[in-house]
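These are the structures, in structure tokens.
Both of the next two complexes hold chain A, though its partner changes from chain B to chain C.
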Partner chain A sequence: MRLTVLSPLHIGDGSEITSVDIYPGDGMIFVLDTGKLTKDLLNLGIPLEEILTLLKNPPGHSYVFKGYIDSLNLNVKDYTLYTLPLIGEAGRESMRIKNFIKSNGKPYIPGSSIKGAIRTAVFYRVLKECGDTATVMDVLSNVARSANNEQRKNEQRKNIEKLKNSVGWNTHLVEYYLNYINSRLEEEKRFDKKRADDLLEAIVFGMEPDKDRGVRYEPKRDPMRALVVRDSEPIGKKHLAVYHVNIVGADVKIPTWVEALKPKTTVEFELAVDGETLRLNGNHFNGLLWECLKNYGEPSEVFEDFIWKAVDEFYGEVIKAELDEIHKHGPHRTSVSSFYKTLPEGRKLRLGWGSGWIATTLGILLRKEKKWESTRRKLGLGRKPGGRGVSRDFPKTRRVADGMPMGWVKIE
Partner chain B sequence: MKFKAIKLKLKGPLTEIPHADTLFGAMATAVGVLYGKEAIDEFAERFQRGARISSAFPYEGEKLFLPKPLSAEYWLSTLPEEKIKGIPNFKRLKGAKYIPLGEFEKALRLEQFTYGELPFKRVELPKVALDRVTSSSALYFWEEIRFKPNTGIYFLYQGDGETLKGYILPALRYLADTGIGGKGTWGYGLFDIEVEDVEISVPGGEAFVTLSNTLPSEAPLLWRLFRKGGWSPWGRKPKLSFIEEGSIIGNDPGKIETLTVGGKGIYVYGLSFPLPAKLPEGLP
Partner chain C sequence: MVMDRKFNGKLVITGKIKAVTGLHIGAQREVGEIGGIDNPVIKDPVTGLPYIPGSSLKGRLRSLLEILTNSKLDEWKEKYKGLEGYSPGSCREEGRENCGKFFNKRINNGWIHVCPDYQKAYNCPVCRLFGASGDGSNFPSRLIVRDAFLTEEWKRKWEEGQEITEAKIEVGIDRVTSQANPRTNERVVAGTEFNFEIIYTVEDINHWKDDVKNLLTAMALLEDSYLGGSGSRGYGKVKFFFENIEFRKADYYRTGKEEDIIRIDVKDKSVREILSEFDDLFSGVKSALGAE
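Moving on, here comes the complex of A and B:
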């Protein structure tokens, strides 16, 4: 398949280039060969201790090597590993640039990022269409039945029955889930908020009995196993640029720069649905997704169609939600609005850093529930920096690069 | 001794270099997909009757690597101090897991041998998991094995041509597109196939080095144990105790274990792939 970048796309590897590694030029970032530069500085008589002291405690976090290059009239190009165009402003005193993920020095798009974006859409569609508690209780009953009669499993079966009954007190799985998170947050001070979706993921995608929560996620029982998405081919560095990202709506200005793929970059990747995996494991899959597929026919045959419809529906909703709240893009609302209104036809996804809470979560469904507001406050979503309360409006901030919302791609 | 070397020219990384039981399990599943479930029994039967596969090992161009025999490792540990001083990089040699074919032949005879630079390395890749409620990200690292260009893995086959042409090669052609050895959904383990003839010169002797991970049916002579489970289409497999490739055994054919998982019978390959080896002094 072919992926075309529609707006700046940043997929990070967790590392950053800092002020000591770069020389900010005019519309250009020079990434320095600091080893070679240090060697030449020593030959020019600069004491090593001075360089080390500056590197350890840069005055005002400034560009240490820029100071030397400028004052000694050195040619920056002699010490450059590679250059990247800079879109937006450079940091006046310093800047940290989030690195794009690379393999053998060349950027690529990980298959796991593309698959993750598709998975979120499937999660959304399953909950929307099959999340009524009657269907969920059926699914849990099947799991309880399959936990056979061995002595050891009796306890587990009881736990699933308990989970099933508590789901039954609600009208929808999402409603139950918000109650569940609320009670967990009240009961346990150390509830891991980073793994708040664990139980929901297990029920939707596939599960095994578990002694604590009734069920736990089991990847081998997940039909999404059959969706094979491979890493993209390496992409030329000429498609990469440093973007100054504006975080709109934040009380404090957080200067942020990222390496991102430029719009119009195209790259090939492989995506396949493994029909044999679906057919061979038909009896093994036990989540709500598999149950939901049965509404459309033979699950292994309708799977592919289901996931693509989910993608179209979910990302269509994301665009709608962003346009509904276009005022949150502040000074960029005109450019962002025209970006969304002129998006090309075809299948679109939102990937990577800066995609925002709405595109990476089940937020569109969660926000419709009455209990959401209190739950998100307890989860600390929208907490102001410095612990100054929780924002009334969530999600409050948007990340905009070169006047565009980040992370939109088209696949065909 | 003559064998067929089946080279898997890798197109991407691997999660692990597959053992013989993984190769057999993957091929048996592929045979089931291609010819129906009954063909799996026939496939296993052919191995019970004498066909053998080794575990997979790395290769680079024409250079094949094999596991260092434990007999040679034992022999190295008994060498006197002055001899050890004459062997360059003795520590690295002692720690080497794989050695080139020519050196392997020397090691079988307990003659001085050396190691070679391996054509792969283990790398850590960053990955991100996102929570679908809070959007919190969790960075984690994934270890994979990356191979140099023109390298890959191979395994040895000994047996009749009918099993090779009728079962193993068709199964491998299927696996070439779906991947072998885990994380197929990330595109790991895809390959092209090439078959070559290989001759390994072996000494005479009563002891054997096994080139597959083996479920021994009698006590081995020198061995390293490891426990390995896995997953079948019907559920998780219980862990079994195998002896590692390079272990020294008597005349033990090993066995194919039949297990019941999720109410269905599955085969676990544990046959040995024996090559005669000289035993160091001090061993029975």
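Moving on, here comes the complex of A and C:
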């Protein structure tokens, strides 16, 4: 398949380039060979002590080596490892640039990123189409029936029955789930917000009995393992640029720069559905997804089609939601709005850093629920910095690079 | 059938196996989808360099041939009499081994195929190639898959300071809060090459052709699948580059003479090409062995 970048796309590897490594130029960032530079500075008689002191306590700005290059009239090009085009402004005092993920020095798009974006859409569509509690209770009954650990069978069944009954008090799984999160937050001080979706993920994708929550996620019972998405081909470095990212709506302005793929970049990647895995494990998959597929025919046959419809529907909803809240893009609302209105036809995904809460979560469904607002506050989503309170508006911030919302790609 | 194993020579297949995407063969057996913070790849304790354990490669080839055999079960029953007692699918539902389905043996959490006795294994495309350790009589594997170590070129790259493994941070996003769950997987970097050696012992002159074709087919399937962990998320695409296939006649092991080796020119050929030109390429072996 071919992926085309539609708006600046940043997938990080966790590392950053800091001011010390940079000479900010005009529309360009020089990434310095600080080893070579230090050696030459020492040869020019600059004491090592002085350099080290400056690195520890930079003066007005943190571009320590830029200071030396300018004052000694050195040619920055002699000390440049590589340059990157800069779109937007450089930091006046300092800047940190989040690196794009690379292999052998070449950027690529990890299969896991593409797959993660597809998975969010599938998660959404399953809940939307099959999240009625009657279906969910059926799915849980089947899991309870198949509990096969002899000694613990009864205990396991009891736990799943308990879960099933509490689901049954609601009309929809999403409604149940907000109640569940609420009660967990009341019970436990240390509710893990990084794992707030765990039980829901288990029910939707595939599960094993569990003594604490009734069920837990089991990757082997997840039909999504039949979707194989490879890492992309390496991409030429010329497709990267440093973008100054505007974080609109944030109470505290933290200037941010990322290395990102430029729009119009294209790259090939492989995606395949392993039909054998689906057929062989047909009776092993036990989540709501597998049950939902049965509405459309033989699950292993309709799987791929279901996934693509999910992608189209979900990302279509994301675009709608962003346009509905276009004012949240502040001064960039005109350019962002025209970006969304002129998107090319075809299958789109939103990937990587800066995609935002709406595109990376089940938020579109969650916030339709009455309970959502109170749950969100308890979860501390949209908490204001410095402690006091939670903002009324959530999600409040938007990340914009070169006038565009980040991370949109097209696949074909 | 007596358990009488003949020796008619060996086919030695050598070449390179290239990690086309980052490769993760875990130091501990692991599920692949759930990982700790630190999830290292297996390394040679002596050199500290990553390698591909022969058992991992062999296990993966076996499981791909099992899946193929399961889907071809009816078609293949005539050729492989051992398959007659099986119907497609897995004994998982019944929860009892040897239930009559093809995937008939429980290991850890999964179900694999292993013929329960020598007779069946002898007539099963999977077991006679990869071996079967049944409850009664074992059927030793006709295949030896050696550990695959870095090629000289990549060893040199490593000595010159190039990174052979990378720590890949993957960020899981919670679908309620959008909070990040980073975890680190160590991977062998894309592009890395290892030397492989696979040795097939010709025991039955009526089996070797199908056995070797099945082995090559499994290798072709592996190129379209993945090796190691996290394959469905992009890891572990591999490609084979053949160097040499040679048939060492039984006599060779007594005489050591060059003339008792038949060299098959497979250089620069892909697995698929070797399969499609099989009869031509292996005609010398065929006449040396006499029967089919």
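One rule holds for everything that comes next: the second predicted complex is superposed on the first by the 409 of 412 C-alpha atoms of A that agree within 3 Å, B and C clash if a C-alpha of one lies under 4 Å from a C-alpha of the other, contacts with A are read in each partner's own complex, and residues count from 1 in each chain.
What we mean here is this: a residue touches a chain if its C-beta (ideal position, glycine included) is under 8 Å from a C-beta of that chain, and two chains touch if they have at least 3 such contacts.
All figures in this text were calculated on a predicted structure; none of them were measured in a lab.
Trainee: Under the superposition described at the top, does placing chain B and chain C together on chain A give a clash or a fit?
Mentor: clash
Trainee: If you stack the two complexes on chain A, which partner ends up touching A:196: first (chain B), second (chain C), both, or neither?
Mentor: both
Trainee: Who does A:230 touch here: chain B (first), chain C (second), both, or neither?
Mentor: both
Trainee: Does the superposition put A:55 against chain B (first), chain C (second), both, or neither?
Mentor: A:55 sits against neither chain B nor chain C.
Trainee: So in the superposed three-chain picture, is A:81 touching just chain B, just chain C, both, or none of them (first/second/both/neither)?
Mentor: It touches nothing on chain B or chain C.
Trainee: Which partner chains sit in contact with A:276 here, chain B, chain C, both or neither? Use first/second/both/neither.
Mentor: Both partners, chain B and chain C.
Trainee: Would you check which partner chain A:44 touches, where first means chain B only, second means chain C only, and both and neither mean what they say?
Mentor: neither
Trainee: Choose the clashing stretch of chain B with respect to chain C from the list 204-212, 240-248, 258-266 or 276-284.
Mentor: 258-266
Trainee: Taking the contacts chain A makes with chain B in one complex and with chain C in the other, which residues are shared?
Mentor: Shared contact residues on chain A: 12-14, 101, 110-112, 115-116, 120, 123, 181, 193-197, 200-201, 220, 225-231, 270, 274, 276, 280, 284, 356-357, 360-363, 366, 379, 381.
Trainee: Where on chain A does chain C make contact in their complex?
Mentor: By the definition above, chain A touches chain C via 12-14, 101, 103-104, 108, 110-112, 114-116, 120, 123, 148, 181, 193-197, 200-201, 219-220, 224-231, 234, 270, 272, 274, 276, 279-280, 283-284, 356-357, 360-363, 366, 379, 381.
Trainee: Once bound in the complex, which stretches of chain A touch chain B?
Mentor: 12-14, 101, 110-113, 115-116, 120, 123, 181, 193-197, 200-201, 220, 225-231, 270, 274, 276, 280-281, 284, 356-357, 360-363, 366, 379, 381
Trainee: Quick one: in the complex, what on chain B touches chain A?
Mentor: 12, 29, 33, 126-128, 130-136, 138-139, 178, 184-187, 231, 233-236, 262
Trainee: What part of chain C is in contact with chain A in the complex they form?
Mentor: 21-22, 31-34, 67, 70-71, 89-90, 92-93, 95, 103, 109-110, 166, 168-170, 172-182, 189-191, 224-226, 230-235, 237
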